[in-house]
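Have a look at these structures, which come just after this line.
Across the two complexes that follow, chain A remains constant while its partner is chain B and subsequently chain C.
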Partner chain A sequence: MVSSTLRSRRRAVATGEPEPKGWLGLAFILPGLLFIVVLFLVPLVMTVWMSFYNWPLLGRTKFIGLSNYAELIGDTQLWHSLGFTLLYTVLVTAAIFLVAFPLALLVDRPLRIAGFFRTIYFMPVVIGFGAASTLWMWLLNPDSGVFAQLLRGAGIIDSAPRPLESFWPALGVVILMVVWKTAGFTMIILLTGLQSISNDVIEAARIDGASVWSRFRRITLPLMRNSVVLALVLNVTSSMLAFDQFFIITQGGPENSTISAVFSIYLASFSSYRLGYGSAISFALLVVLVAISAIQFVLLRQRPEEG
Partner chain B sequence: MLRLKTTITALALLASSSLAGAEEITLWVRTSSGAVLQGLADKYNASHSDKVNVTQITAEQMVPKLGAAIAGSAAPDGAVLDLIYLPTFAAADGLEDISDFVKGLPYSAAMSPSHIRLATYDGKIYGVPALPDASIIAYNTDLFTKAGLDPNKAPASMEEIATDAKKIAALGNETYGFYFVANSGSWLIYDFLPHLWAASADVLSDDGRSATVDTPALRETIAAYRDMWKAGAIHPTSRSGNGNNAVEAFASGKVGILMTGSYIVNLLTSKYPDVKFAVAPIPGPKGGESSFAGGDTLSLIKGISEEKKKVALDFVNFYMQPEQQVYITQESGMPSRTDLAAEAYAKFDQRNLVAYNILAKGRTPYTFSSDELFVSRTGPFLNLIQGTIFGDDVDGTIAKTQADFTRILERTNPN
Partner chain C sequence: MERLNYNLAAKPASERLGYLAFVLTACVFAVFFVMPIVWSFANSFKPAAAALADPAALFSKAFSLENYRRLEHVGAGWYVYAGNSVLIAAGTVILTVLVSVPAGYGFSKFRFPGQSLLFVLIMATMMIPFQSILTPLFLILKVFRLQNSLLGLVLIYVTFQLPFSVFMMRNAFDAVPKALIEAARIDGASQATILRRIMLPIALPGVATVAMFAFLNSWNEFLAALIFLSDQNKFTLPIMLVNVSSGIYGIIDWGALQAGIAVTMVPCILLFLLLQRYYVRGLTAGAVK
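Entry: the complex of A and B
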């Protein structure tokens, strides 16, 4: 229903008035342009500039050329944290899709109750990452937390679980938290893709005798490819930039094994107070992120009909 | 019309008061000490024409904010800082030399020696103690009795603590012998380093410029901790605990010995009056005793005007007077001066005197990179404790810590 009205509106825009003048367009984008210059380009240039300096929080700054970048290449902790971030990104993105796809299929029904469930699944998305992490920190508390009380009350375990004391359980609870918090958003993106598929196509396939699985694999999935790629790009980018969940829940432990890339920027800048080195890591991470996004955008550009 | 008149009168009043030379100074204070300092400022402002304004800053943000403010020439006139940051700010040329003032005070000999040591850089003094505290152990006398131990005799070494803790844990029913906060750098320096100091060892040299991690005292202390952990005598939350549940765990009567600080006496007597406990200094591995001299030091920021400096130092002298010292003791547990025990504690629990008496023997790491070495949750000191007490590779962890310390010190030592 929603999709058909959307499509008719789009047709109206396509057959609309001729293009307005160029200067008018510039005037319209000026606020946005200013926003980008002041909040993105200026800080970016400053970051690059600072990365050539030894820039302590206290005391004098000193130009050191590319020394920060040279140190960065030999910084094993940093490479470890980059590797960890990639591992986390792969796992969490897979987990989010595994949860969000079935949810999207479930709530893609013309039933009134589906709207109710959409709201329920989407609700954790509106909580900030910092607040959600703090909340889970309390839920996970072994002495007074809800999880420990429930599990012990149900008689499943004798002593409270302490997942934050070893690597895989710690990573596991963080992924669990992130899936709980963000799967609803991915569900909505996938849902828009699902709803843009015309019922006629599905109907025709059904008449031709395609099974449920092959209808999903050969019709639904290819037709909602753009939504899938969009969800993928957003999830990968936000996972590569993960900070709050590790800063608050695992605090980098155990034995510094859960320090994400952004966390190491924080540590360089606000624990070692080396703002120049922190800037160098920031810029290096930006390059990595642009590369990853570029690859994903190539995928996004390929329309299904071209592929 | 009436409002305009009052405005004009107010402006005139303001003008005349500034003509009379009344000064206003601003002090930045970390939130935990904010209420006491505000109380002292209120008392001062009520009896003086000059004004002291207190601005509260979240503890973790104090160093970055103050650093940025000094760099941007927007600093306050003074700051009440965690004493451990004094060498960092003094070495970065951010603080005002007040050596003459401190040495000229009639009670200058009665200031916590560790606070003065930390405030001294290059022979000059940059701060005075404001709100000191000291780390101690608290033990549950009921559990000591139940476990057949003498509740009137505090454990005098780490080895005794380990023996006692295992006996208490043997009582069963989820009772543990020992609780320490192992997942917070600031808790660990507060409660663990005194073991080493009690044996005249340390992880840093006296001038804070080189690392001395691997000492017999460290290995003996760690052996006692490992012994307790293996025997299941340490409360399981110690390992990942950040301190939030420590007092509650002790107050629940299920923990024999708690590594804690001087504030515990007034906290337990007011909030958990049923807990029977005693306190004692922190022992070394085989004897001796020490404490972490913690708390706040008041410093003036470099470049303060002579007039404002006078007001600030007058405020220091004001809060050092016996009447205000009693107020400080009542509000935060310990007076800034070490010669006022009789007055300050007359109305309070005498167990407070244990921490008060040990303060003169207390130490604090003299370091230019406190956050990176000690406080940071990912720093080498925290990983030393986690790795050696709960991990398997004691030698490897100690060697790695020595290397990490050395690397950080080489970079951060001021020239």
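Entry: the complex of A and C
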């Protein structure tokens, strides 16, 4: 996007077009800039600054240097929650791709009815995480939930399962809910990639005798690489920042085993009111996220030369 | 599957079979995606006894609105929370459009030194998650006396809506041909007239996309609303849902929760069904670039 700005500027210069009142453009941008500076840049700098302080909600703030970071390194609960967030990110991203890829291939056909199914699969995406989480809490609750009733009715189980009482079932429930809510989103991103591939290429490979699998692996996948990476970046970033589903469905339990990274920030800043320590965790998370994005963008830049 | 088609040999038959397989598979997935919504909606109209006896039934003879009536006694009443959500969403939509349309215009149709740097600065906001600057935002709102206020929350939502919106609007204005603007200028149209009469009609689909994203994101946002609103009368719908779902003395009123979920999700689904092409266009804008 940056390069396109440069390109259009070069074009304007090259054609010698007059740009009357160029500074008027700045006036148009100014309100937006004000928002970004006051509610984004200032708090961003403040995050770093506050992380060097002992900063209670009320009372005196005190400069304590790197103590917050020292505490952070020794905080086993925090490391556990970071590890849990990574585990969740890997599992949920894999699960979403496992569902979204077949969906994208399924609805990638020029039929009216395929468009109808696309709309259906996408519908849960527009529901918020709050509504989706509480909805699945009800679906899976052992007393009046639909799943318990269906399973009992089919004679598979005698007593309803209580998935939220141990770690793996609880994580499974959250992943199931998130796949339900967001697979349609990834499907649309992948579909954009699929549709950018010309049919001639696929047809040529078919005539050359390439099997369905090798056509997919050698032609489709490399050609839609950009949308795969984009879907990956978006899924990984949003999973690393997961909060709502853990706050609502598992409430961090059982035994604090499902506290995500953002959940730890929430607990430090807005439950214990240790704003300085919360800022230190925020900044650490921010560094991790920027690093992950950077790695993914490097992957995006690489040419797919490997077979 | 392929061998089966091959044995049948007749092309139309195999094509029909493939179509059938497609529709069947697609329907199985459709059940997974749509049934939770349908079940929840159906149960919101069932009296407690009917919901407990057969939660999977889609229709119940005992149609009732008692769940919605009970939701009136949750906290300040669901309509207060719905009203707050409407105010916040409307405020976010209006302010986001008012700020991002001129900004997109400024980035698209003017050139001044440092412009690309400013654009990168605004886009960088997308890279850094708002979750990581919540703590200082809390203090900044306190300084402006905007903590625990709907306006404060609107300002935060607008800020985090801006990068995407400015990007969308710049692209929308880029699509307006320069010749058209020149012609209008020669005809003596003022800067304001050009923006209103020529640019905006062409950029209108972009505005619809921006408005729709602003609505859905502010309507559904949970974490910031949880942190910045502390007064029970100021809560939004998602916060109300969580309060209902955490129960009173360990007992959760599932019927009232169903009604609350319906109130929260139905506007989003309707809006999506009406304006989905603008929504999908917004999504693919990122993928195509």
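Heads up, the rule we're going with is that the second predicted complex is superposed on the first by the 264 of 307 C-alpha atoms of A that agree within 3 Å, B and C clash if a C-alpha of one lies under 4 Å from a C-alpha of the other, contacts with A are read in each partner's own complex, and residues count from 1 in each chain.
In this section, a residue touches a chain if its C-beta (ideal position, glycine included) is under 8 Å from a C-beta of that chain, and two chains touch if they have at least 3 such contacts.
Note that the structure is predicted; figures quoted are calculated from it, not measured.
In the superposition on chain A, A:210 makes contact with neither chain B nor chain C.
Once the two complexes are laid over each other on the shared chain, residue contacts for A:144 go to chain B and to chain C alike. In the superposed model, A:270 makes contact with both chain B and chain C. Of the two partner chains, chain B is the only one that A:165 touches; chain C does not reach it. With both structures placed on the common chain, the touch criterion links A:64 to neither chain B nor chain C. Looking at the shared chain after the overlay, A:86 reaches neither chain B nor chain C.
Legend: residue contacts after superposition of the two complexes on their common chain; A:256 is shown touching chain B, with no touch to chain C.
Contacts of A:197 after superposition: neither chain B nor chain C is touched. Judged by the number of chain A residues each one touches, C leads among chain B and chain C. On chain A, the surface touched by chain B in one complex and the surface touched by chain C in the other have residues 141, 143-144, 251, 270 in common.
Remark: chain A residues 56-59, 141-144, 159-160, 162, 164-165, 251-256, 259, 267, 270-273 touch chain B in the complex. Considering their complex, residues 22-23, 25-26, 29-30, 32-34, 36-37, 39-40, 43, 51-52, 54-56, 98-100, 102-103, 105-107, 109-112, 115-116, 118-123, 125, 127-129, 131-140, 155-156, 158-160, 162, 166-167, 174, 178, 191, 216, 219-223, 226-227, 237-239, 241-242, 244-246, 252, 254, 257-258, 260-261, 264-265, 268-269, 271-273, 276, 279-280, 283-284, 286-289 of chain C touch chain A. Residues of chain B touching chain A in their complex: 63-64, 67-68, 70-71, 88-89, 92-94, 183, 236-237, 239-240, 245, 248-249, 369, 371-372, 375-379, 383, 386-387, 390-391, 408. Remark: chain A residues 1-2, 5-6, 8-9, 12, 17, 19, 21-29, 31-33, 35-36, 38-40, 42-44, 46-47, 50, 103, 106-107, 109, 113-114, 117, 119-124, 126-131, 134-139, 141, 143-146, 149-150, 153, 180, 183-185, 188-189, 192-193, 196, 226-227, 230, 237, 241, 243-244, 247-248, 251, 262, 265-266, 269-270, 275, 278-279, 282-283, 285-286, 289-290, 293 touch chain C in the complex.
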